[in-house]
């Protein structure tokens, strides 16, 4: 029996372990993430930047209906990579969870707790029968409405584990993007800057994937979540960059 | 093990991922869409046009009972391609959703929200056991009753993802029709015109499929959804073209 | 892997698609319809005629207990072809639906709405697990009790799609019968006549199947549903032809 | 792939169709009927005769506990052939149905309606998952308590279809017995006689099976259901022949 | 495909028929009965005798905790052969049924009705999914508390069919024991005697199995159920023979 | 098809019989018992002794947390062999059953009744789908609190059958231990002695297994359940031997 | 049939036994534990030390969001090794159990009882269908809030068995770490010291795994649970070592 057939013996039912202790269906769900267009998150001094590539397969497609970044609450947004329909379901779960938290406790949920709740929900789909895992990874970004805790960025992967990041990428070419981010940021903490810096970094990271087309205002989406009280604070923490702003930025960064 | 057998290992249960992260049952449901007679949607300055080919397999069949376009609310219609019985079920879901929205919020649901609700419903049939995916794609068209938001056209595909379009085709020969639309419309935004222009474009697009028969008033269905307040506004936003009108149009366009 | 084995990979579970987007179990259910003795429906100027062959496998069988045509309401009848036990179940569903409609709305259900309700029920058995599809096709015939809408004839097939017909046949030899009907009727709308004409046409159509025995009063069942207000209107819209009437008719038409 | 293996692909799950539209599990259930000792029913001018062979596999077996004919109500009895335990379950269903009808409508259920109810119950076991079909055929016999409708004899087969008969046999050698009945009865309606005639006919028919042993009072059971008001009417419509009566009859008919 | 593989195609799911109409799982459950130590029942003029071999696999085993015969009510006992744990479950069902009957009707249940109730319960485990059949056969013995109906002895087999017997054996070597009983009893009704005669007959029958060890007071259990009003009636209808009594009996019968 | 493959056809689903009437999953569960460290029970004149080997796989393991003997009530204890986690579940069932009995009847449950309740619970896991059998055998020991019934020792095996024993062993090397016990005890009833005798016998029996290491106070557990009213009666019926006592005993018996 | 294929016959369904009485899915879940980064627990005179390696796969990952040790209550913490998402679920179960205990009994749950409750929960996932086992091992550490019972350390493994330990390691290289601990501690009870000693021992043990990278403050987590009343008692029993403290410790122990 060759190793391929051996693997197949354990990868068709998502609720069983292989002899070496792996859950193949979860690993295949990670492949679904790798097939998706990439999303990036960067934590800055005054907030979080989420940026994502969008695959606009036709000039007739209304590009802004390809939703890669979703508003969850006044101070919370989620970017995703992988199976788009699964992402939408998890964002719905996130919104209901955020509403429930406000109703029960009279205050907004923070990104860490929301990421953990989503991770619990995702894990259940890897253990209990009757459903496949979610084929999507989420980047949960949040700022504290009263400016106390600072900006937060969490990843929820298809196994149902939450991780906190200073900067992270998921989706197609994620490995390249992560490398770019590590090279540029992790070298020195001191390089961390403001939202402008974060936006530039996120776009440059997205441009670093070798097998995706050039960036255009239509095929990229950039959102910023700004900590309240920061110098340039807008009336609402969440701002989506307009096509014009994106065009200027891409030109400025020589990414277009 | 050859690649065919390899694929078969993962395509018989709709709730599992293949090693490369694909959901074969959803892809096969897309094939069911490709087998169906095509439907087209075109957004114009004053509304949306939905047009569909009907397969009238016998001269004794009452052609108007082959429903390819369905009224959902005063201002909402859905065209479909694929497994006809599945389409009927989803249209029922759409009508109940529209009613529920009116009851709960005292105002009509718009096409975007309805498309998202339908997409959620469709996605659940791709993840939870006990049911196959829907073998149908929908074109959800709507106009705003108070003329505020303008005409909307959404596609809901078998994976449960909603997309907004300026013009789109689903079903047999969809690739040809989409190409025709892109060539004719996407070249310049300025070509977008009124409902007359949209109707002509939709019919010409349907005629562009090489492996379907000639268009006749009996084998084509054309509906317009007109924005309230537009110059030629009828008493009701939705109008279905009569056989006579269709015959004139086809003659005029030299498509008969 | 040969194509036969390929097909078998997808035809044993009724809730999955084949790679080319087909639902084999639904197609096999259509074969169950083709195995059944044929039924015919013809719309006339004053009503609908339903006629069906009965397989009386022994001279001791009480021929009138072989039910091919079923009364559903004062103005509604259903003929069937295929798995007889499945037909009985669907007729029960139809009767309950008709009663419910009368109770809820204070008026009888019409044939179109009833056919759609039945189609929805049939579709669910092709998508949800735990049940096979229905192996039967129905001809739903109805006349309007107040004479407003005219006679209606609908087919509900095993996929759960309703079709309206001017004349139609289902079951063994259906192809031959449909051809006969198209040749005789579709040529010119003007040939449509009264119930007498419809009855003759239905019987001649049933006789046109090459692999069924000669027609006899015992092996054929003919019902007429007459529009109220028509010249020859009986006290009740539904009339079943007696054996004597059938014998005369068959002799007259030289079909015996 | 040979045809045997082909068949096996579709006959192990009772809820699926084979490519030619057959339900193999239902056909195999019919084989279970063919394996059972035969039962016969004969309609006469004054009632119905039910007769059945009993397999008394040991002289120590209390022959009258081998129940092949069951009393369901004052005027209703059921004979069976096939899987004995399944027959007992269906007879329980029949008794509850008869009681329910009396409670709800204040009058006894007739054989036709009861046979249809049982057929519906049997059909459900051929379509819905989680259960095999019933491996039994029933002969439902009834007389009208007020003498209005005359004697009735219905067969319910494993597919869940009810048939009315003037005389019928089910079980091992049923083909031979049916042939005997057709030869003797169907030749001329005029030969139909009284219960005496029916009893003789039923016993002669049972004796006509070539691969069953000689008839003895211990291995045959004969019940008569007599129409009320008939000349020889007993105090109760149902009479079971005693061993002595059976011995006389068998001697008289030279069947012992 | 050889016949062995053919059989295997149908014997692994207990809810399906084989092509020749057999239920293999029920037949295999009968094999479980054949593997069990045998039990015997004998009807006498004044009651019923139940006798059973016990497999005492160690001299340290408390022989009286190997329960082969169970008291169900004052006048009812059940002997069993086959899967011991299954027997215990069915005896629990029997006791609850007997209690329920007393509560509902204010009088004890008789052996025939109890056997039928148990048979119904057993049958359900051969038709409905989610459970295997019971691997046990029961001998239900009862006497009428008011002496009206006489002693009764019923067998309930793994298919769920009840049979009444004058004398019967189930379990290992049952064929030999039944032959012994038929030779000794069935020859002439006149040989039927009192409980003493029945006890001797039962023990001699148990001794007639060739592949079981010699009988000893420790490896045999004998119970008598005596009709009330009979000459030697004890204070309670049920009596279990003591080891001393059994030793005397075995010596007397020269079976030790 | 070789016999190994033949066996495999029936041993993977625990709810089906093999052609020779065996339940392989139950037999495999017995193998799980054979893999467990052994437990012994001995009935004496004044009570019951339970002794068990413990596998202490590291000197850092807290030996007393390896629970082989469990207190269930003041007068009831259970020793086990096999899958440890399964044993814990069954002991929980036992404790709840003992509590329920006290609440309902105001008196403690005795060992026999408790063993039967546990056996019923275990049997259900061998018949109903959705669960594997328990991989554990239990020794249920009890003394009567009021000294009436004497000491009791029951085994509950994975099939769900309860057996009473004067002395018994389960688990690895059980065959050797049982042989030792039979040789030492069964030879003459007169050798049965007091709890001291029973403790020595139990330890010597445990030492008789050839493939287990030498006994030490850390790797053996000994509990006594003393009949109330016996000469040396402690304040509580149940006593666990201390490490010091065990060291003395092992030295005395020359087993260390 | 080779042994590999033989094993595969029993390891794909988690609810069945193999012929030698093993539960392969549970054994594979243990492999998932072995794949996880290791955790260590050490009991000291004044409390318990939990230490764990963390895999920080990128310098951008917020190391403190990789949770290997979880606070469950004021006096209870759990370290884990294996599938991280499963660990989070079990910690949630633990927290709910601790809350429930406080609510019901007005006092905190102790580590032993909590470990047993968790073990019961884990066992159920190895027996009942519809779920795979948990791929994680837990170290449950607790101190008594009132200083009565002393520090406790329990392991819960994937089979659902709880073990008490003086020192233990789970996860990758666990064998090496356990050996280190046995060599250092088990040699003489007298070496057991205070929390300082325990912390040093735990870190040295973690460093003893040959195939993990060097320890750094970022890749190791150390928590102490201090018995109330002990000399150095902090205000709260649980203390997490800061990065600075860890850096000093690693330098001091020459492990960096």
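Letters are used for the chains, namely A, B, C, D, E, F and G, taken in the order the chains are written, and counting of residues starts over at 1 for each.
Please note the rule applied: contacts are C-beta pairs under 8 Å (C-beta built on N, C-alpha and C of every residue); 3 or more make two chains touch, one makes a residue touch a chain.
None of the values given here were measured: they were computed from a predicted structure.
Path length between subunit C and subunit G in the chain contact graph, taken as the least number of steps between touching chains: 3.
Its C-alpha atoms fitted onto subunit G, subunit A is found rotated by 50°, rounded in steps of 5.
Between subunit D and subunit G, the centres computed from C-alpha atoms are 70 Å apart. We define each chain's centre as the mean of its Cα atoms; on that basis subunit B and subunit C are separated by 31 Å.
Remark: subunit D and subunit F have CA centroids separated by 56 Å (rounded to whole angstrom). In subunit G, the residues touching two or more other chains are 13, 129-130. Listing the residues of subunit D that touch subunit E in their complex gives 2, 4-5, 7-8, 11-14, 24-25, 28-35, 58-62, 64-66, 83-86, 88-89, 92, 125, 129-135. Interface residues of subunit C, counted against subunit B in their complex, comprise 1, 9-10, 13, 15-23, 112, 116, 119-120, 122-124, 126-130, 154, 159-168, 178, 181-182, 185-186.
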